[in-house]
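In the two complexes below, subunit A is the common chain; its partner is subunit B in one and subunit C in the other.
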Partner chain A sequence: MATMTLYPREERLAGSERLVFNLYLIGAVTLFALMMLIGLTMRMSQAGWLGVPPDWFYRLLSMHGAGMVGTMVMASTAIMWFFLRKYVHLHLWAFAANFTLFLLGALCIIISVFLGGYGGLWTFLYPLPSMGMGMWSPGAAALFLLGYLLIGVGELLFYLDAAAGIIKVHGNFWHALGWNWLFGGTVNPDHPKAVVASTSMIIANSLGILAGAIVLVMCLLHIFFAVDLDPLFTKVLIFWFGHMYINAAIYMGVIAIYELLPRYTHKPYPLNRVFLWGWAGTTVFVVVVFGHHLLMDYAVPHWFLVLGQITSWTSGFPVFVVTAWGGLSNIYQANMRPWKMPARLMILSLFAWVAGGFCAVVDSTMRFNLVMHNTQWVPGHFHTYLLLGVLAMILALMYHVIGERRQHLPDHGADRMMFPVYLGGALIFLFGFLEGGRASVPRRMATHLPAWQFTDKVGSIGGVLVVLAMLYFAIRITAGLLTSESDPPPATEDGRVGLSDATG
Partner chain B sequence: MTACSSHRAPCIAVAVFGVLLLPPMRDWLETSMLLQMLVQIPLLIAVGWHLHGALPTRLTAALDAWNRQGIAGLILTTLAAAFWMLPRSLDAAVSDPAFEVAKFASGPLLIGLPFALSWPRMGFVVRGVFLSELIAMFFRIGWLYKASPVRLCSNYLLDDQQRSGQYMVMIGAGILLWVAIKLMWGHFGSPSGFTSSDPSR
Partner chain C sequence: MTVQDVAFSIAIAGIVVIAFGFILIISQSGKHADEGRNRRNVHRSHVLQAWAFGVLLVVFVTGSWATLHKLPIPPQHQPLGAKQVVDVVGHQWFWQIKPNTIQTGSKVEFRVTSADVNHDFAIYAPDGLIVAQVQAMPGYTNKLLYTFSEPGTYTVQCLEYCGVGHAPMRSDFRVVNAVAQGTRADTNMAISDALPATATQPATKPAVPDGAQLFSANCAACHQATGTGLPGVFPPLKGNSVVNDPDPTRQIHAVLHGLSGEVVDGTKYAGAMPGFKDILDDSQITAIINHERSAWGNHGKPVMAAQVAAARAAGKQL
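Now for the complex of A and B:
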């Protein structure tokens, strides 16, 4: 069971571990702020408030998409590492190698976009990267794909090291997932939820990265040797890779909720059979649910579309039942006052995950998808669970960690002021997308008709607020991470460190 | 105890190598791309794998000093195997006797033997990287052979090439399934298992 002590001794970081972890978090908040500025620029351009040329718009869109997805996964990898290392032995070299390869990959993508002019979007749908039509060269497209390969290899190295650690302790994935308790036996309530969630994502995202490694190299061969590929099969592999990769960001991020929430509610959050069933479902659904990306591809076999439809409806249940309901049960009748930033952010992330998930289920329903697929509903739904869901989980961990460094819970007046700016700004920003989707405003268009621009303007105003809040968070968290560590209070009898204001 | 009973695997390997060298067998296995790529060359690699038991302990120990975590051997294996993945190399092995000799020498000695010496020394992560790339490579080459509208080897016909591609995809899927089963239900910790004795290495 996750510890109830706010800052347990085994989570304290020192030396190289602390350095690498700081690099992850500071890199993440810096990239989040930069990518948000790019996003805001595009939104204001659509609103008619800025004049971004279309070729630059698609470059910025490619950078924003690739940058945000990559950074989300990088930051949620840091969450997984931070908690999983308490239960299994993880090597720092693998964690550091992942970050190094991420930076190299990001550099390739930045050069490809800003110097090479690549604008074929983060989904690199075949054969678009090789058809720059003078806007970008084959070399720029290849560099973009190479950047993805480097980032994927780094993540795979980290997963392999994590898998080795998990297997050493638990024997194999079956036991690590707790599947030996699915149908009977006494569930060990101390079996770590972080191990269950990490194992699930190692399985799913490794398959995704493998698919990515295949299709990216084939796309490179297409660029340089004009090898013709089956466009539909290529798309299937691209979306299998892309969908699992971004899903992994969410499911690795949720480990922070499992570990931290009980420390702020002061109520135990034990593992049970429902939790194990929920994660068993998630492990399967994350792998097979991507079919809803292909609902408009009529050449796809009928059974595949039916599978995509059914799994899209059902994949939400494990999330709702296990994490959202479990989280709400843990919060119920908990004395969380005075509310601290990590607690606020965690509750917000639960709300946004469910709200964004609901919007996703709507979009993945075939009849709705016919109308809404290419509208702004789509960025609306994924921004809901990324901007207010995953980002909030990541910020919750970051605030928790800077609290540990200073040995008091972070709750400045400025934090209390910027939280509603972030929340309110994000809700306005999301309204712009979702209402735009309801009104059939198309997505991914550089130039918008005047009739579409009301929601663009609303979204831009919300975006300004979000960027302001993110700039504050970035500075606050960077300063907090770089501050020298306070002396910990005396250890309790069980060797752990507690704080009076955290334990009530 | 005779030398051959204590080294049964190397003896069988030498016998198999001899059979593979027989002209009728060689001709038959080189009549199609499928047989050369997916039967003859893998058998040559298997011969090399089983020869490692015949190496003197002193030589093995000396090689081990240069083969930390099996990485040097793995690099040698990979480079040699990559050469024989090229359609041009397969073609040359049929047309040019020098390439044929190179294939029969490099399959056991530059792929199978160093791989056998390296595999037990590899940690979980190195094995994982190797297997991931092996699976991805089977899928990529299989897809390429299947998708290419032109003959990649002048000695083999298009349908043979496409059939080889299909089989390579199936082999890639088979290895993936084996790895998945091993990770899910396998027992780790024995030197013959998927991991070395310390899976966290």
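Now for the complex of A and C:
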């Protein structure tokens, strides 16, 4: 099971590993802050408080969507690497190559948007990228798609290296996932949860990335060689890729909770059969659930749409009944006061994941989707589990790491002050979207009718608070990461060992 | 209570329950439990976890049956037997909706497709809430069934991002109280007889196209209702030298065949304008042009339908 030593020796980073890891995290907080500023600009424009012309609005929306999704996955990949390397051998070159390709891909996207005028959004829904109606050139669209390809190849390289490491230690994916214990046998409580989660995402997200690679190449062929594509088939592949990719961010990010939470509660968090069943379900559901993006495409075989609704509902079981339940059980009567920032962020992330997931379940119900599809309900629910869920998981690891660098648990007065600004701002921001969804305010729209602007204004106010908090976090974490370790090695806080059978 | 209200209430209620659970557990986190108590807590947690799973399983099964036993999506590959059929085509950035008047009380089959990129045909009731929607995909015709119970003017808004003109891609149709039972032809005939004819209805008697309405439905997405266009992207029509030119040849040609990369009054515009020769007839194009020539302080000489017809016959060469 995960160690309860706060800062175990095997997690210490030095030399090139520390450099690459720092690049990931500093890159992430910087990009998060920039993408949030773009997002706030759009919300204020919708509110009528800024006058962003529609062509620029859609460029910004393209950058925000692609930038946030890419950065979330990049950062949660760092989480996966940070913990998985303790259990299996990972090559630094693969980790570094992923970051390099991410940067190159991001550069392609930035150039295509800000110089090429690309405004076809992250979804690049065929045939829109080649029908910009003068707003962008086919070359700009192609550069955007190339950027995606580079980022996907980088992630795939990292996964292949991780897969090789896992198979070397555990023999095969079956054992790595713990499926040999699903129906019987004594579960090894020390089997790392990080290995289970990592293996699950290596399988699922590799499939999604392959689907993405296929459709990206198809779209490039269309742009350069006028090859006609089937719009429904390309849409299916696009959403398989996109849905899987952003979900991988959550399922990689949660590794931080499995590894870190017991260190702050001083209660063990062992593996058990329920956990393994939860992740087995997740591995299957997450691959086939993307039909919920296509509920209004009636040409899709209806059995697939029904599968989309059903697996959307069942996906909630592992999240709530296994992971959130396990996290809450771990903090129950754990003598945790005073709470530290990593623990606050981890529990917040679990709440947001469950709450946002519940809103997602509502939207993925066909009867509701009929009136809520493509309204602001959609960004309402996914911002809940991304802004307060995945981001909080990432920040939790970052705070934990800077605590190690500074040799004391991170919990400044400023941290305690900015946490409610982050939480409160996000709740106001999210309410703006969810109420907008209830009021049938469309998503992805540059100009809003006056009747729609009240919730835009509410959302903008919340967004200002969120951006302020993020700017603080970015500076705090960057400064903390760049602090050098002093010799001798930092004192580690020994957890209270010996408590057994905490639920996981 | 609307469907949206039900969904919102369920979501908020769920979030409140979840938040309550978290707050309860967090409030206990500062307490200390010895080893014996910890063991009892673990056991109780396992029991509650099993109960939670059971309750959620029941909710899942009943909820799935309740929402799926009668699929809200109509079959796509068999006749739907609707008395009223409306053909919808989405374009960048306007809707073609024929007929644009519907009766209450009987099923309407919307056959929705797109001529170019993905759009989303979303029907907004007069109260501003969506009542139904379906994607408009090029190469596919999606069939949406809906029965209107309240008369009024319903707005169609594109909800699938389709380019810079996405937001103003709006149209409307009228729903009137049922006037007669009968076949589709009889129904459409009855609607036509009951109302003043408009340019987008299948005409059973001569109709005078409403230029302002046609402009709003077909042109305002780019040139804006105010005629001011979008700087650098779509040219303004207000004060436009082509619109005010006594010779309407260039203006007629633009509406018929479209334009791209054009320099207008010294400014180059990036946006591409589609041609409307296959979408609007001569009388409709005439009405639009005359609206543009007289609105926003413009003072262009009115054109005749015969001039548009002659330009159409002359083809694309200027």
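Observations, loosely collected:
Note that in this section the second predicted complex is superposed on the first by the 485 of 504 C-alpha atoms of A that agree within 3 Å, B and C clash if a C-alpha of one lies under 4 Å from a C-alpha of the other, contacts with A are read in each partner's own complex, and residues count from 1 in each chain.
Quick note on the criterion: a contact is a pair of C-beta atoms (placed from the backbone, for glycine too) under 8 Å apart; a residue touches a chain by one contact, two chains touch by 3 or more.
Since this is a predicted model, take the numbers as computed values, not measurements.
After superposition on subunit A, the partners subunit B and subunit C are accommodated together without colliding.
Taking subunit A as the reference chain, the count of touched residues is higher for C when subunit B and subunit C are set side by side. Working from the superposition on chain A, the subunit A vertex angle toward subunit B and subunit C, CA centres, sits at 90° in steps of 10. Contacts of A:317 after superposition on the shared chain: subunit C is touched, whereas subunit B is not. In the superposed model, A:190 makes contact with neither subunit B nor subunit C.
In the superposed model, A:366 lies in contact with subunit C only, and not with subunit B.
Of the two partner chains placed by superposition, only subunit B is touched by A:210; subunit C is not. Judged by the touch definition given at the top, the superposed model places A:230 against both subunit B and subunit C.
Of all C-alpha pairs linking subunit B and subunit C after the chain A fit, the shortest spans 14 Å. When the two complexes are laid over each other on chain A, subunit A has residues 230 in contact with both subunit B and subunit C. Listing the residues of subunit C that touch subunit A in their complex gives 2-8, 10-11, 14-15, 18-19, 21-22, 25-26, 28-33, 35, 37-39, 41-42, 45-46, 49, 52-53, 56, 60, 63-64, 67-68, 71-76, 92, 116-118, 120, 122, 124, 128-135, 137-140, 142-144, 157, 159-168, 230-233, 260-261, 269-272.
The residues of subunit A lying in touch with subunit B in their complex are 89, 91, 94, 156-157, 160-161, 163-165, 167-168, 171-174, 203, 206, 210, 213-214, 217-218, 221, 227-230. For subunit A in complex with subunit C, the touching residues are 53-55, 58, 117, 119, 121, 123, 125, 127-128, 131-135, 230-232, 235, 265, 267, 274, 295-299, 302, 305-306, 309-310, 313-314, 316-317, 320-321, 325, 328-329, 331-337, 339, 347, 350-351, 354-355, 358-359, 362-363, 365-368, 370-375, 377, 434-435, 437-440, 442-448, 451, 498-499, 501-503. Touching subunit A in their complex are the following residues of subunit B: 123-125, 128-129, 132-133, 135-136, 139-140, 143-144, 147-149, 176, 183-188, 195, 198-201.
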